[in-house]
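Mind having a look at this structure? Questions to follow.
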Amino acid sequence: MSIKVTQQEAVTVLTLTGRFDALMSREFKSCISGLINNKRLYMVIDMSSVDFIDSSGMGALVGGVRGVIKEQGEIRIAGLSPEVQTIFELTRLHRIFDIYETVDRACASFS
Amino acid sequence: MSIKVTQQEAVTVLTLTGRFDALMSREFKSCISGLINNKRLYMVIDMSSVDFIDSSGMGALVGGVRGVIKEQGEIRIAGLSPEVQTIFELTRLHRIFDIYETVDRACASFS
Amino acid sequence: MHYLLEIPAALESLRIAAPFTTAVLQELPEIRDRDRIIRELTLVASEAVTNALCHGSVTGLTIRLEYDLAPDAIIISVTDYGSGFDLETVVPPDLVLFQEGGYGVYIMKSIMDVVSYEKTDDGNYLVLRKSWERQ
Amino acid sequence: MHYLLEIPAALESLRIAAPFTTAVLQELPEIRDRDRIIRELTLVASEAVTNALCHGSVTGLTIRLEYDLAPDAIIISVTDYGSGFDLETVVPPDLVLFQEGGYGVYIMKSIMDVVSYEKTDDGNYLVLRKSWERQ
């Protein structure tokens, strides 16, 4: 489980690896609030290496979207693998996200 | 944990993957006796994808060497990773093996 | 087959419970839709264990995660030693509100055939059962 | 931290015990020679569990694997419900004979600081302890 933060011009990319459960949610939330504090308000969440997500992870994503929008920023999500589909279907939370196939497309969409 | 058997000209290569513990030993032993029965008596054991070996695995290797030599065959071992060193040092069983750096070198040594 | 894990009641224990769950679910027989069922059971187990660790957790205590695997069914049970709750009064999430939480029990009920919860002298005992066609 | 696993007394249970061990040993603190110590403890655990499953095993019964992790030491304990044996009379392997077996107890004693074994009413209890310099 890890979160890597890289800057691609104006866009901050968060690459999540491993299980997006309550442990990663804890890190994800503090990571997002750190970025908001530093006025990094355009983010792409790269989920392509997330092999599992539960409702804690989904909740953290929703909270992240809300927090960033409140500060007039934007979060986009890229690289959803089939492993994460089950919970998207059950919670129907995918409707709150801006979803792109790849990180590159998500980054490009900002310009 | 898996054992893949391939034929490289006169030499049979057994590629072991995963943990070489009592479970793999059981498979390894039946695999070796099958090969002996079929008069496949020149073997290379590719250990490069073995990430763990315990005394059951070592015992199965020693038994394999003995069984093949008894039938005038030969077993050579290739690709020992650092993960397997601990037990080699403790049991000193490496002295019974013909060890090569790579499968190719081990195969070439037969000709 | 019965598999039992007992771990400290702290969120960090997810690092132990998750690979345990993965390993046990690999023992599922070759049934139809096996991969999907494994994915769903992995999710349910994570929800149940996380609830036990977060809500049912008192530092210094433990939780237990058990799997009973039969050819045609699995029972997941989770025991915690917290103050417990009333499963029947948990309201399902309102799916148009985009809540950040409150999905765990709903997910369990959506995926499993039986979800039951019992407060006993020896802890709070959540039992989750799912069966499939025997092959 | 205390972690407990209970599994059926069958060799196939290695598929559950091994990832459990891997996960628990990842919790070791950042000590000197951490990787080597983890490799050695992985080996010792495999030897102890395999013995319990092979020699100490009666079908239908279980074995227990426990880890007690402190900042400066680990205790691995394995309980089986077989007929037991006498640890003191196990002869170390003759390293020039290239034996195929008989290395398990010798490996445990070589790597661990304490190896003790006790037959109790509640099973045979093998306790293995290793400590390291606290960092």
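As written, the chains take the letters A, B, C and D, and residue 1 is the first residue of each chain.
By our rule, contacts are C-beta pairs under 8 Å (C-beta built on N, C-alpha and C of every residue); 3 or more make two chains touch, one makes a residue touch a chain.
In this text, all values refer to a predicted model and were calculated from it rather than measured experimentally.
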{"item": "Shared interface partners, meaning chains that touch chain B and chain D", "value": "none"}
{"item": "Centroid spacing, where centroids are CA-atom means, of chain A and chain C in whole angstrom", "value": "26"}
{"item": "Rounded Å distance, chain A centre to chain B centre (Cα mean)", "value": "46"}
{"item": "Chain A-chain D separation of Cα centroids, rounded to whole Å", "value": "42"}
{"item": "For chain D, residues that touch 2 or more chains besides their own", "value": "12, 15, 18"}
{"item": "Contacting chain pairs - touch in the sense defined above", "value": "A-C, B-D, C-D"}
{"item": "Residue ranges of chain C in contact with chain D within the complex", "value": "1-8, 12, 15-16, 18-20, 22-24, 26-27, 62"}
{"item": "Residue ranges of chain D touching chain B (in the complex, touch as defined)", "value": "11-12, 14-15, 18, 36, 39-40, 42-43, 46-47, 50, 53-54, 93, 95, 98-101, 103-104, 106-107, 110-111"}
{"item": "Parts of chain A lying in touch with chain C, wherever the complex brings them together", "value": "19, 21-23, 26, 52, 54-56, 58-60, 62-63, 66, 83, 86-87, 90-93, 95-96"}
